[in-house]
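Here the structure is laid out as structure tokens; the discussion comes afterwards.
Letters A, B, C, D, E and F mark the chains in the order given here, with residues in each chain numbered from 1 onward.
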């Protein structure tokens, strides 16, 4: 009775705790052996940016934790291509290999998962 | 098919845009809390998507004094109706 | 149908916590059941029993308690989110050597596994946040 | 040694507590006999809309409280004209007489006050 | 110069509370003085002494306490905002018949008049929120 | 004259717009927290206002991994510099 979970990220890292809370849910669903996908929309693409060093603001490195996802067998990472381009970034700027979704491919991702959790 | 809920006021245009981009034909939208302002004639045009059904939670519209101002395309429902919509769609996607 | 509800917002600061309560009441009125209410992020403050709103304002922890006792609801507060935000039960207060605890009766601290499990066994999961 | 205070409202009523917190600060500054002005930008113009009835969502009527401001000698209420128009509203839709500010007149309001508090 | 700082956000949930602390430290390092730090809205949670973050995360109430004791800071928590959000001192716990209280030492509950007064006597008032 | 602080990421375009509309020539802007992303080349154009000085808080830019990517128009400063800017302007206006 497994159900697939889509975790939707919309927030930039560090300004709010939402990205870390989303990650913790993803890891937990992974432990329960639920199929988990993560989608990064808008400002959330910055979560995946290289070179993060948040020690000076008293926070833990989110990118380091995100880059561990494949070790927990969570490798379905989707990034809105338009969001990436709007922020002047390309896939080489990111810490992990991701699947880029063109605008028309975003909605099918929602349709293809059983449960959607937004952060 | 999904029911999408949106609780952000019109100035948060990215929340609405992310919501609309995530919708598949047959999905429905319910505007709650500050999201109900999107059902005003000045804003409803931004929600136009082929045959999208747009619901407005009556308690929230009433609280904000906009019940008499809603665009015709918006269908008013109450909490019981909200529950019914959750059941008639396969899942709920919340935008906030 | 079997629902689970996720609440990510603090009471008083955001309407979401009140919306969730009203939705839960409507669910039960319609004959559906609630498998679990999961309080996450700032939503953990819904279980803070020290909240003392003015008498003409809604007391959300109390309303949840009442609904829970009438319908045997499972009110789970994410332990990691709660502990760092200062919502503790007696156990955690002991562990962190705090002199008091403030988790309201009827609420329970537990892990995110309770959210994962809720997604598995519920027909619908709905989040209130913002 | 009085200082003028500008209270900037940017949020719609009821979705968050910010509007009520802004109002409470305005009333308190009034008690201290500080000159207080309120500015309503963007979604905040909805705070002034007529016909609000928030009992069903368990909240107190913000519009009623705002309409008491003149009784506390707080009558400097400014509304961004563009925000009002963008929301399809006109001054007759509001609970109180306000001063409409065209886009070019917003910045001088900030320049003309000693302290600015945003909500 | 004389500064006052207004904090409207809860710790852990928003960076604003941490930004304010870092700014306060920089102010003092530069030889300026802080007339008052005023905690409003969700910012009142900065004074919740039950907060027990993991050891590798910043403990904001503790940091404020330390800075306050080193520099005799006036840390004022808005009483109306705090009481409805479940941050109580001993007095308020008594008034509302609560069994415990959780306002951290070094913080004080008081009214919005303390914010108005701060705007009058400070050269600069800066708000951290969001 | 005022120092304006902005802590919202680019998707919150209304926060930036309200901030820009409130600025008088001579005002300065410091980008903090998630606001630092506005100093990326892809976004800095939206901040253009005649002679507006745009500061970026180094700790926040560094945390987010964008220190090496900042647009040339953005001037990096640290917390001590932030304090100095507050003093050199008459007041501080916070946008969040």
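Following the convention adopted for this analysis, a residue touches a chain if its C-beta (ideal position, glycine included) is under 8 Å from a C-beta of that chain, and two chains touch if they have at least 3 such contacts.
It should be emphasised that the depicted structure is a prediction, and the values quoted were computed from it without experimental measurement.
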item	value
Those chains which touch subunit F and also touch subunit A	B, E
Chain pair with the greatest number of C-beta contact pairs	C-E
Type of subunit C:subunit E copy interface by residue overlap (half), same or different	same
Computed distance of Cα centres, subunit F from subunit E, in Å	25
Where subunit B and subunit E are represented by their mean Cα positions, the distance between them in whole Å	38
Subunit C: positions in contact with at least two other chains	8, 12-13, 15, 19, 22, 41, 57, 125, 127, 129-130
In subunit A, residues with contacts to at least two other chains	10, 14-17, 42, 57, 59, 114-115, 118
Of all residues in subunit B, the ones touching two or more other chains	7-8, 11, 14, 33-34, 59-60, 91-92, 94, 96
Touching chain combinations (by label order)	A-B, A-C, A-E, A-F, B-C, B-D, B-F, C-D, C-E, D-E, D-F, E-F
Subunit C-touching residues of subunit B, taken from the complex the two chains share	5, 7-8, 32-34, 59-60, 78-80, 82-84, 86-87, 91-92, 94, 96
Contact set on subunit C toward subunit E in their complex	10-13, 41-42, 45, 48-54, 57, 83-88, 92-93, 96, 98-102
Interfacial residue positions of subunit B with respect to subunit D in the complex	7-11, 33-34, 37, 40-43, 59-60, 62-68
List of subunit D residues in touch with subunit C within their complex	14-17, 57-60
Residues of subunit B defined as touching subunit F within the complex	11-14
